[in-house]
């Protein structure tokens, strides 16, 4: 192989066809209310971890629902489970349950 | 072709008396193509086309790379138009898609902002003492070829057909971004479903492949290629297209943009050398043709006269399929008949998939 | 009273207006360009948010009109020129009257204009209207005859789009998209439905609840982002590209069917109303009522009234309300005159 | 006849002997393995406790609880009687039966079946003289037990008659054991009655029934029934004994060692350990824990209550969703007649399902300090309190009125206390938060830590081990300020309050009186129906990650309506989460304790 002094960029697009959606559909089946997220972002706005790090609960679970599991487990582990997000969620999503569920499905529990 | 929407996007293309503007990339990497275009127009079709030794680069690459300012390029373009007027022509045709985009963009700019045209006239006059008239008709050379496609079809020596199976050849057409994506009305078929190359292919017996990444850029992107560190981004775009078209098993790719022809051809070599992947059948690359070469083959020109030995991906498998007779030993002979040397073997041309697989392991 | 009003357009607004006028003793002539009354919902399957069959509503409207001796229905004819006391048909025939209600509704956006979505080019790109037709035919099938496994529904086709000169929101497409997703899901419980939306505008009662039901109980996927282009795949599916704006990542997938939620365009006849009849239109092309609050079923010309989607995108209920309101305004005006 | 010549064996005894042997063997194996696996620390506790007063106290509790079932009497007298009649009655039958043998035969070794089936062996060994006093006593005791059996049957049919809304839904194995147990005493009655009819003896019950049977069936038929009845009696006992160590009835014996171990201060912990087996198998599945559970009463969720949780855990079929679906309000623990540490066991079950945290997890907390102010008194509002800013501003007023210099630990947002993670079984991860907050407290040198969140309070007290720092809930702190005369509040004329005990504050930390004292200082306190130890949970407990928002709301509405029934103008609580939850379901004002104090400051 020849080294040309650069490497080929990896595609950034979410490719639904290439992603394995099994875990994602398991997650939405167990917690169907997660689908009702309207992306308002109040969870992240109130999140302690989200104010100290890049952690964005809404984004992580949305990516997970699209079958993008890479890094989701590590991200969810930034959550301290304090539950403020559950108190502010206008859609009544059991956010702490979602964190636990995603960790369980995608981590090494 | 199923879609007929291209008919909504028609443009006027002059039938004769063209002023020809060359392309920097094409004349360097595919010099045979420009020559054959002039030959086809003048000899096969009997049209008047003027290849003016005075004209220059349009400086579009510099412009898109932010090194040539707008005023400068406007003046350069004005000079080309002045040369055209001086030579007594009104129909401007450019070999380069970037240039075509530049001319189209500047004509539109001048129309919207007449004061800019005025200033350009002043600048041109101060710098060169010349004056210009905007062309009556502006077309890309592929538009011109499209315009004459039926006449070429009538004069064709062979068709875009696999001589062994009798099936039409499967052709991937790739349109340069600046052809119609900026001004959809200025391209035949518009920006979504351009018909300029598809029309030629269909008239000459081939079959167009419509694949998911058809609209995607070849990856040249000026700055993205010119800076070495960014080339990974450039090549990733070509790779995305090649991956998307490969399942359709195309016999060749045809482009109307010199940059695209070059990148789709040469990045195949690079991808093969970097990752061991090739996209054509039988483990080789997919040959990439300019539309001039495609027309030349149809009209019976000798492939080496068309300059097809300059390609990174060997075209011989395609020539065989089309039943083109050629002298394999003449491939690397110069115009004077002297041996000009041959490149080293490359994965994109010599290895079968099986070998690659082992190499990767 | 002995008055005679011409109602132009026999859709839900026109029919409701006519029935109300008849009830008040005004003789009515309905001009309808199609061969029968009913307008757009004639080809519609079910109405949101109650999933009431459109035919049920139409049947009731027809029955309100059926037995009146004061009613004349002229199908297959169009008005060329309108004044408060007479309507000239395109055939040249002149109809005398005491007032006119314009209930000409809207035109469906032609999805072919957004050619990047491949409507009319790829087999399984259809519009919401096509889908309703399929529902009415009782079967939603791909061109190949098989049932779709993955369907994308694209909102705002021909709405809120400067590129096609449709700046306005067509209002009903969001909820239609949700309704159609639910109907599709009922038909194909195993299928994946993806709604690509820009904003979800659930303006009516029960709409938001329906949206939520679609999300939670029907597992319809909602992706915020406009599909930018559609291409065919080697297995004759459609590859769509969009940005999942909530994750900030481009997204692509192959779907079996793409449904384009075509918006409401101002009626093509409106230009004629402006040019020939001295009526005013809004920049969106929809007719301009005299006042948006106090006189919203009246035109800028005395004796000419508006009802329904001729002035703005409206749902069926709103159009019918305007039919009633316009009838009342007509009666008041006639009495005052 | 000499006693040594007497016969104490008949073939029908075989099921009984076999059953009893298997039972004792299995129990022995279980206890030995559990004890062997006890951690060293627990053994030390046993060694320390065994020769102390603890043993005697344990013995007394065994009598009270294992035989008399005092705690069940507290729940419901009828239920208590039922359990007592079965346990104590059977015990007495054995004890008096033994005395009866002694009375007939003197102190002499008699095999076990000789005692149990004594009535059968009496005529066999030619004993003709009866001792009517014993006959009467044994009949009386049998009747006592039978009354319990009858009530048990009634409970199955109509649980409400015994004060239970819902009874345990048993698995098949338990049903077999249960049926065997139910048949033991009626069969004994029949066998002894028939024996009395043929050979005489028996008092009012067995004698009476014997005479009745004799008159109905005739002597011949009785003769045929005699042996089979004894067989069936023995068989019922045998089946019950075999089933016992594998069924709920394992509790009969297990409760006894559990009581002793508990008196030696053995407790379940954050991680599962061998001692847990004693607790788990001491559950009798009486189902008393079901009724207080609001998941059942409000939401109709079954199969998650402690009885089912313990059952599933015991049989190694515990599902995560069962372990997770619990509010950990502690209402079941409050009434458990065996005194099992239900919350801790639930927690360590969750913990056993947890992952091993990565070293760097929560490293983002490192070096973060967003605290404000200075003072020996630290105020940790708690995450949830940040969403009830009225509590924060009221505390600020209280601090100012008392002239207290305060260090605000998390006014601008801080790390979580760690308890929510612990409640979800992520004990190791929670340690990171504990360490972080401890170092923050140490850095600012506080001596008193006040918190408005009972969830934080509990973990600060139990897990933080803050040397030299007194941890107070704001209710305790406010009361102290008032008692010290540093905070003067006036009464609000005509103001009526009702108080909701937060689970973590009341049952969790034993703080019931302080908030009430504070409320009574500013107005009139009206107690709701369920209060103090029996207070309801607001439903929003962070311990539950399973129920939905709608379900939380339903529980909250139930609690709110019960609080509103008091007629009080204001519902007061002392937990931000409870406040948020109850406010969703209430039509009246809901306030934190600090708010009603702040507005009465003079």
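Labels for the chains are A, B, C and D, by order of writing; each one numbers its residues from 1.
Definition applied: a contact is a pair of C-beta atoms (placed from the backbone, for glycine too) under 8 Å apart; a residue touches a chain by one contact, two chains touch by 3 or more.
Please read these numbers as outputs of a predicted model, since none were measured by experiment.
*Asks:* Please find the path from subunit B to subunit D through touching chains that uses the fewest steps, and give that number.
*Replies:* The fewest steps needed to get from subunit B to subunit D is 2.
*Asks:* Between B-C and A-D, which chain pair is linked by more C-beta pairs in contact?
*Replies:* Comparing B-C with A-D, the pair joined by more C-beta contacts is A-D.
*Asks:* Find the most central chain, measuring centrality by the gap between its CA centroid and the centroid of all protein CA atoms shown.
*Replies:* Measuring from the global C-alpha mean, the nearest chain centre belongs to A.
*Asks:* Look at all chain centres (mean of CA atoms) and spot the one farthest from the centre of subunit D.
*Replies:* B
*Asks:* Quick one: report the Å distance separating subunit B from subunit C, using the average Cα coordinate of each chain.
*Replies:* 46
*Asks:* Please work out the Cα centroid separation of subunit A and subunit C, and write it as a whole number of Å.
*Replies:* Once rounded, the distance between the two centres reads 38 Å.
*Asks:* How many angstrom between the C-alpha centroids of subunit D and subunit C?
*Replies:* 64
*Asks:* Quick one: which residues in subunit A touch 2 or more of the other chains?
*Replies:* Residues 33.
*Asks:* Where in subunit C do residues touch two or more of the other chains?
*Replies:* Touching at least two other chains: 254.
*Asks:* Mind giving me all the chain pairs that touch?
*Replies:* Result of the pairwise touch check is A-B, A-C, A-D, B-C.
*Asks:* Please name which positions on subunit A make contact with subunit D in the complex.
*Replies:* So the residues of subunit A in touch with subunit D come to 33, 46, 48-49, 51-53, 74, 77-78, 80-84, 86-89, 92-94, 96-97, 100, 103-104, 107-109.
*Asks:* Provide the residue numbers of subunit D that touch subunit A in the complex, in ascending order.
*Replies:* That would be residues 320, 324, 353-358, 361-362, 364-365, 368, 383-384, 386-387, 413-416, 418, 420-421, 424, 426, 429, 433, 540, 542, 545-550, 577, 580 of subunit D.
*Asks:* Residues of subunit A touching subunit B in their complex?
*Replies:* Touching subunit B from subunit A are residues 1-2, 4-11.
*Asks:* Which part of subunit B faces subunit A closely enough to touch in the complex?
*Replies:* Residue list for subunit B touching subunit A: 228-233, 235-236, 239-240, 270-271, 273-276.
*Asks:* Which of the residues in subunit C come into contact with subunit B in the complex?
*Replies:* 112, 115-116, 120-121, 229, 231-234, 239, 254
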